[in-house]
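Sharing a structure with you now.
The chains carry the letters A, B, C and D, assigned in the order they are written, with residues numbered from 1 in each.
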């Protein structure tokens, strides 16, 4: 209908001083060209928000968009009356994140990422949930009808925190990990066609699971389901792994973030269904004896915090140049993120089916109501509505569900300031359990002590 | 992708001697042009199926389609290995249907249609559920992976019967009543634009309820929600009703099937949400004192069985001509039915969101799991998947849910051959209850006796 | 163990100026002799509480009990730290109650009691729910661990209001209607034995339903189930009714409160299960055409408010004498109420199984969680715990469940101050529905206007 | 009422050649003296049943009971028309049980009992579930109204198997492990009284959990709750353990079956609630690093199969003497089992509250419906009815629930003959997971091969 026209919106970006996500959004809006209006950047670091606003406005002008970027001094002024909210915050500093990895490592516990499950994920959740609940309260007050896209990890518990604090919030958690599998399926279909006919967006996958531990039981493209082909392909490449383009051993990013799909292929071969996230995420949900304790053998990287620090410094320098340089900042290529497409669907009534994290209201059988699950969701003129995804195979459900239930419990315990329950959960965390209950209890207290300054009063007392 | 190409399918049409629905499908396939393959017509009246096959093949050839129509002598041969099944049967004869109306009428109970709820709906369900369960058993045996579209009323209990007999069936119940509201919304949006910019298919409605008692809480078109406009329009026209085109008093069909939306407008004004089906259907779910006892005052028709008999005779003559005439049968205009679009979506991976009747697996809050509800459903390469619709307002849920629960119970009781429970339900049926328990019990036994030949042994004994 | 000894408790009686219930409790405590401690009477009418305290202390001393009765000036001082709370209040005055009956009667709607369902029950709920929620808030603040026995009607919604306002409350709703059926069963068993061997307390009945609309599917006494015998007895006496002792036509109380079990017997004969409450209560839940419109024919009384007024005056005079007379007030015989037995079980660890009203947490299948249902409950050293009761037969569930769901919705709407929903519910109330939607809406507004002074601000505005 | 009288019953004992349980029942019936009638012993080993019948009849006569023991040649003749069924079978031989322990042990996996969870429990379930389902089918056919007491391990899945095969069965699983905690509580209360006033039956415990992994959150005796005292006692004795009577180091039985409560005390101290089963059972549900890998340090025994073999031989010899000796077999003292009390309650209407294993129908919050849970149950004239137990603390639920869900899945997979799912479950079994996925898969196949002769065809093929 109005597909050539432009939609006027207001959007508040919480964490708008971000050196990555905010700039991805700016570029995607340039490529899309259907959105106009105001984007308010709010960040605890006001200067970073101002810098991003300046960059955004330069891009906006240079490319002829009617989008105005502003930096908000308070969350209230950022949120008041907006149509959309994006939440992309960093729970704690890189120093906190380093402790999340190093203290467990000293006890022999290896984590590939440490931001979702395991000891690192739990402590990060303790830091982030209270902040997220405050943001939800502010949204309830200043923009109760806004659509809210959460980009922050640990995704499941933080999306859950938004709903716990404001049950009527229109929020979803957005993550791109599943695109990795969609790329492989498109590659398989193109190989069969002998031509590049399909991109990853053409692959309709039915997603089941929880964030970073997602599974796909149907992958439809070109008139048929490619899951059986994928399972065969996984079995063939289980021993040696495979990537569309070989890893570049000199590329540090690849070394720490990429994989050769061996974990995915091993899981697919054993369980008859496709695991859909990156290998380094998947490995953290499974017994350490399976993959985590032999990461290099399985071909996936462990992400060091040191790299994150160096990367951030580099990005900061790039941003400084983009803000102040004589030339218009270079335009990134369009990303694979779904956010701009979601805004279009909600604003213009387009019909977009894509995976997102939302509280279970029936979309995933076998999981308790309210558990934040990742399945397909319909974005359209009706808002954001989960689509029924079915049920995981029983042996896979036995892998996924205990993690989901733990996340539910962590969320409730952090909100209740119930440190005793958190300690109990920590002791039996699958990555922690091999330590024995005494060493585990000591590790928990050490980790809490290390990040105490970031914790609410009640949870801080634990470390005594 | 392949949008110009043609998809090869096989489809079994149970009730394929139909004088209406089968021919609608034939015409829609001509207009669509993307489907090829074999359509097998099965009917207890083999000649009618053969006649329809002949008509279909004439149309197919004349319009250059690669669709081949055949008449199957057994349901087994019709179903074996098909991709799609359509079920469109007549539960009992028009004489049975006449008794469903006349016996209650003799007790002062008026029914506008008598095929969904009330005494007529209940007895019709007793006839039809066993037949439907047999069809589901055959599908389990001969085409367990087929997509199954049920077009038969009473829609809710019969779609439920399919799932009761074969829980893994991929079935949905298809009904076009909601299009009536979508037309009104499109009319309102066009009026505001001062031009005809939207058709009913452009109107995205969020549907909640049960078949023939459906409600819409959001109606998005042209970038915004039109429900508030509709509620205002309903309040303005509540006294006198309204139709886009005035009723033609000489048109018998209109007299018996159409309405002036007064029931819809009265309900919208009282409950703050749009009722979405035809007035004559809606009225049957509400206290007789509200609309049914004063149908002409409220401007909707009561459908006489006599008209159905005459109409059938006329259609039969038309079909005879279409089969045997010298000229190719005339091509009907494209219908408003969703079936061909559904086939396209399932076959080609198009994304279609449309209302359909399916067992509740969470798509409608507040209703028990397994209750057949009508909400939006996603048809795509993933199959048929309910979309979360939310919840009815509390006062409306109090109107709808007891009917839904009765339907659940009727279904279970018929399958169990439990006549005592059916009698108990009949006594307290809202249209029957004013009779008092004794007269109600007599009426039930008379109605069962009148249709005993069509009932399974166990239910027949009741009439003693 | 300690069965000879005495347990020290504190108990707050909210509504402690009561002219009936409080005095029943006083007498039962004398008969029981195992309870000592303090009973604090709180009433909006402080004098009435003081009068009851004086009576109680006279009884206590005369019979050598170590129970001290006091009148509390505030609810806070009554509740602080008590072990038990009894709530027995009168929602509104007898004038309000008279309007609840008379306004519907003017429209032809007959109610036998008018305090549970129907138009009177709904308006009474609007008055009482906010008061009950306030009491629960006070209990949360001053006696969060207390056991709370609610004696106030409408029992289901008011017990629900306690839980809605304080979800961790240890409350149940107490009603003696089911004893009526237990007496009949004991009579049957004694008749068979040819001797009086069983009292009503020896009859173990399995109770299912909601308050005043309860059913019994098993009645065990003397080593076997007597339900089949009861069903036969009901069938034999369905035409003429039956009572153990004939009604005394000169006894006004009997005329207004008693029945000849004809409703119970008719229901038992039709549905194959025993209805368990008094006929005048049962009748209000069923279509008016069944019993209510012909109460005298069915042999049950309609309770006039005028009688309640006269009875209250008489009781007030009796109480005055009991407080001030020279002689110790006469000791009533032990009642059939369960309260003192419940206190014993909770205090001393005795094991008592008796029916009570509590939110459904699984004890009654087929009803939504949280619905206040009446089933057996275990009182013991573990507190108050529902016992699994099973499920009503389908045709009976269809009678009971819509009332239960309405009650849930009324409760939520009153708490939310949502008058529009209450009006919607009123329109479709089964006793109201025959009026038609317009007359029903007028009646609702008239009833709300008549009691507006007792309603919270938000609900009062309705009547405009 | 009839408490002096005798109740006539018929009871079928499946596994009636048992050398232990059957004889416990015989003795308890002598002590009780209220039961008369016929007890039919059925066993695959007919001679053993005949031997037990002879012993039973000698006891019966010697003690003046009117109980007649018979040996049935078929399960049909044993079951036809009985009031009660007891199921106490041995799934596989001691050689099978030895393999269940030895094969995992060769991989470093220690099991204390190996009959409930872990690799041994899973393989034992594969053997036993099909047998149990057959027994339930026979009960459906020959004694559908009988009360059925299952005494066989693994209790949870086997009780589940009875319900899966015959959903209307009136069955419960009976286990005495919880009495261990009740004895400790009675000891504490007696210590405080300075006299032996309470036995374990006086202690009312509220039980939550699954069989062999049960917890108690309230322990009422003598007018108050002793849980806080127990928690203090546990903290005091956590380091060194405690028993009412010290272990006799020369008693082999004690060495293999008894414990010093250190596991119970450690769990109580960490989680603030009492674990209620024997330490050797509890340990198997927890990470091996906690207790199982250091059993002797924690003071509990590992039960060797060799001991069971020797014990069985001894019992067989005792039984031979009891059958054929000149003197009447000696009467055992009354046991702590609940079975005879349950029979009394069901037959005579006594009110017995005791823990039992039944499918969750709401009695335990937080666990899926149908999961077999262990909570208190009411035995009375109404039959067997679960009592609402509440919910486990969150950190404990995280320990218990994954085991419960695994048991649900094992049951479904064995019934479906789905070996792939069983292998998947085995890989991630908490005791197995440390092996890594490849060694785990090999172990599974070896264990299946070792017991293949006892498995249904479909599950046997796995071992290829």
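Definition applied: a residue touches a chain if its C-beta (ideal position, glycine included) is under 8 Å from a C-beta of that chain, and two chains touch if they have at least 3 such contacts.
In UniProt terms, the chains line up like this: A, B, C, D = Alpha-galactosidase.
This one's a predicted model, so the numbers in the text were calculated from it and none came from an experiment.
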| item | value |
| --- | --- |
| Set of chains adjacent to subunit A (Alpha-galactosidase) and to subunit D (Alpha-galactosidase) | none |
| Most widely separated chain from subunit A (Alpha-galactosidase), with each centre as the mean of CA atoms | C |
| Subunit B (Alpha-galactosidase) and subunit C (Alpha-galactosidase), separation of their C-alpha mean positions in angstrom | 46 |
| Distance between chain centroids, defined by C-alpha means - subunit A (Alpha-galactosidase), subunit C (Alpha-galactosidase) (Å) | 54 |
| Of all residues in subunit D (Alpha-galactosidase), the ones touching two or more other chains | none |
| Touch relationships between chains, expressed as pairs | A-B, A-D, B-C, C-D |
| Contacting residues of subunit A (Alpha-galactosidase) [partner subunit B (Alpha-galactosidase), same complex] | 1-2, 7, 197-198, 202, 204, 206, 218, 220-223, 225, 347-349, 351, 353, 361-363, 365, 376, 378, 380-383, 385-389 |
| Touch list for subunit C (Alpha-galactosidase) against partner subunit B (Alpha-galactosidase), complex | 266, 270-272, 286-287, 289-290, 393-399, 401-402, 405-406, 409, 412-413, 418, 420-421, 423-425, 427-428, 430, 433-437 |
